[in-house]
Amino acid sequence: MIFKGSHILSVDQFTRADIEKVFTTADEMRPYAQRECITRVLNGAILGNLFFEPSTRTRISFGCAFNLLGGEVRETTEVKASSLAKGESLHDTARVLSGYSDIAVMRHPEPGSVAEYAVASRVPVINGGDGPNEHPSQALLDLYTVKLEMATRGQGIDGLRIALIGDLKNGRAVHSLCKLLGMYTKVHFKLVSPPQLAAPEEIIVALIAKGHRVEICHELEEGIHHVDILYVTRTQEERFENQEEADKYRGLFRVNQSIYTEHCEPNTVIMHPLPRDSRSAAKELDEDLNQNPNLAIFRQTDNGVLVRMALFALILDVADKVHDYVHPVTWYTAKREPVPNQ
Amino acid sequence: MIFKGSHILSVDQFTRADIEKVFTTADEMRPYAQRECITRVLNGAILGNLFFEPSTRTRISFGCAFNLLGGEVRETTEVKASSLAKGESLHDTARVLSGYSDIAVMRHPEPGSVAEYAVASRVPVINGGDGPNEHPSQALLDLYTVKLEMATRGQGIDGLRIALIGDLKNGRAVHSLCKLLGMYTKVHFKLVSPPQLAAPEEIIVALIAKGHRVEICHELEEGIHHVDILYVTRTQEERFENQEEADKYRGLFRVNQSIYTEHCEPNTVIMHPLPRDSRSAAKELDEDLNQNPNLAIFRQTDNGVLVRMALFALILDVADKVHDYVHPVTWYTAKREPVPNQ
Amino acid sequence: MIFKGSHILSVDQFTRADIEKVFTTADEMRPYAQRECITRVLNGAILGNLFFEPSTRTRISFGCAFNLLGGEVRETTEVKASSLAKGESLHDTARVLSGYSDIAVMRHPEPGSVAEYAVASRVPVINGGDGPNEHPSQALLDLYTVKLEMATRGQGIDGLRIALIGDLKNGRAVHSLCKLLGMYTKVHFKLVSPPQLAAPEEIIVALIAKGHRVEICHELEEGIHHVDILYVTRTQEERFENQEEADKYRGLFRVNQSIYTEHCEPNTVIMHPLPRDSRSAAKELDEDLNQNPNLAIFRQTDNGVLVRMALFALILDVADKVHDYVHPVTWYTAKREPVPNQ
């Protein structure tokens, strides 16, 4: 059993029971995230939200989740200004900064850096993304979304049919989601990408070894029928050698309403780890789908707050106490449930 | 009636009754801003303070105002690092980020961008400045200052005589203030600028149509006598084609103590939206006026906190509850009232 | 007696009694910093954490200290984006920003700038480092660490033998520590540096005038024996004319375990203001000392939180009330005491 005091560095840490625990805890966070009530269970606690690579949404999502539990957030978004630039080791940075918070989230461009940092940290560390390597809270919120969306269709995750579409070579979100889904049974994966951006061999092999069905597709239309979920991704342009190389794949696969209507089963769920590239040359997920109630992309990011609250609550061992520190909401709250997607 | 749950995008939204409501609410915020007591009415609420264009004072002023009401602030100051740079639409950014806060302030360099953002946001949005277009809280704090300063002289806003001085072409603060003052009666505007930096024709026409008196002046000395208020502005250098073009107007109009003594009526109020340019080549408002008790520029920025608290309180519908969550101040507080200006 | 409402601009402000007051107050902050309990004494107070020069650790340390007392933090890390870039004077910036907080910490690259800012500020200002000039909270935490480390060895500060090693010309931490230690009696200073990076003449003269013993050394081995404390510093590369000039001194003095074993008395304390430069060409303090229990460098940064809490509590006059606002800690806390250094 992980959690109390644990670092969260990789999806490989999780058993299926761990995942279920995160999800049931996330479910319990919903009234707080939707401002039906507030909790102050972490009153006095401090999150170190350490982003050594730029990010707006992930950083704010973690900070928001901590605030929703009643805690304070100290943060850095300075990349070049840090002591790391003066030759300080990650070990020293971790030893110093871990004296300033009760828990930390860290993003850093170097694969493995967050794990290295965690070794020297005196407080639990959540990997907020270490370059192309891992971003476990993203994978968990994706799977949580799969679970919730399928539940509204009377299904579970076992037996799921999912198409993963786009840059399957560089997308860490896809890799991690494959690992998590691999822990369930009889999932049918359709891997839809140009041959040059195919999913890594070891991921495919691992899925097959666990008894899942893996189908490789190079055509979008072929890939998207007979599935429950489309998981569309953008081309990870920043991982390519140069812009010219990246441009080759721009706009290659475009999911829009007419393609959806023609090729997908009704009620096929549409997911995307966001941001989606809405520039005319890209449009891997067209905005004409915004009215489609099966577009789950914004429910997905909302779920991220719940999952991050759950991780904080489990690591800091307050999941059972959240409801003991409830207060009423005093202010006007907008309707939060984004139904339908507009 | 606007407010509860409203976006605040433009001064055009406000009726005179709305403005009075903001001002009476701002008056009630004074004891909290001056730390005579604290309120925790927004305990648990989160502000998304989203600055996609740099700003220190406006950003901190909004954040401070929200903290003074008891709420938390999550914020971004990252311009190029955001998902917008990866081709994300404002629609998507708004849908995502509005899941992370109860209300948002947004600054963005593109005119109209904040309104576009607000359409997709699920929480109320306050325009914190969309390039040369609008910055409604600045206009409100300016008018609130006019009202308070004139009140100490036994006058109201109706019948006001005001000189607007400097770059009247590019200054959004001036444009918005003209619109707000236009809602009152029989205001005498003296528009003092070089011909090339004159106020836009449509603003002048609108004021005249409403029965106000508008006088155009190209000489400073002529412009500043027989008025109640000098509203001095800096040259908006960042809006010019190049620095050379901007330099032509640097230091053209300079208000200082000797000019004030010679040409202004006693007790003429001096205002400025700040920052004032104190470099020797500029000095549109000389520092030798710092001892002049009619210099209202720092009272003006202090008033900004009150007005922003009022906007938050009205939008989130807690204006009537602020006093129900009062606590004493436990710590040493410096004398805050800046009288005289030093 | 300084403190209530005081600015903290320089170590020269402090009497020995003041210093002792800071230290006894810091001692009382330990249970809060170590999360044995929390205090909310500054609930509702706002810190303006104003960093006009990059810093991660000092900024977060101050912010954390304020949060630990229950207050909120508004902050800026924007250097070029500020109004200062538009020609605003420090006077105006101070008058404006001091309306947004109850107390401020300011870092700025120009010597004297923080003092200039403080004159116009309506709230107390702590100097968080003004270029090569002063950084009083660093000096205080260094001396506090000296005191605590010596106390575990049954000694006080009077009669201390300390070796100051490295770039003694440019290191403001060293200069300030010399000033503070100068207030005690019969300290034996060994100043170990290359001749070109020697400590300023006036510092040496002042120490001698007060009856301390000052020894100048150019060899590391000679400098480090018969002392109680090694205070090692990195070369302040950013203060050199160019990188080439700085490179001359890189790696000149390197303290490591074998040198320590051979030349130092057992239990000699090792300090460093951090960051230490762990790149292979530098390594002024080798990582092979990380297991040495006398390595006090991380206890030193932890002490910084206590000292900063003490300064806030004394300036805001809540030192005697901290314990009246105690709450239990609700969450899992990691063991914080870093013994031994790992």
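In this document, chain identifiers A, B and C correspond to the written order of the chains, with residue numbering beginning at 1 in each.
The working rule: contacts are C-beta pairs under 8 Å (C-beta built on N, C-alpha and C of every residue); 3 or more make two chains touch, one makes a residue touch a chain.
Small disclaimer: the values here were computed from a predicted structure and weren't measured.
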Homomeric contact chain A-chain B: same or different residue positions, threshold half: different
Rotation angle superposing chain B onto its copy chain C by C-alpha atoms, nearest 5 degrees: 120
Between chain B and chain A, distance of the C-alpha-averaged centres to the nearest whole Å: 39
Residues of chain A touching at least two other chains: 72, 77
Partner chain B, residues of chain C touching it in the complex: 4-5, 41-46, 48, 72, 74, 76-78, 80-83, 86-89, 91-93, 95-97, 99-102, 120, 122-124, 315-318, 321, 325
Chain B - residues contacting chain C, complex: 35, 38, 40, 54-57, 59-61, 63-64, 67-68, 70, 72-73, 77, 234, 237, 274-279, 282, 287, 290, 298, 301-302, 305, 327, 329-336, 338, 342
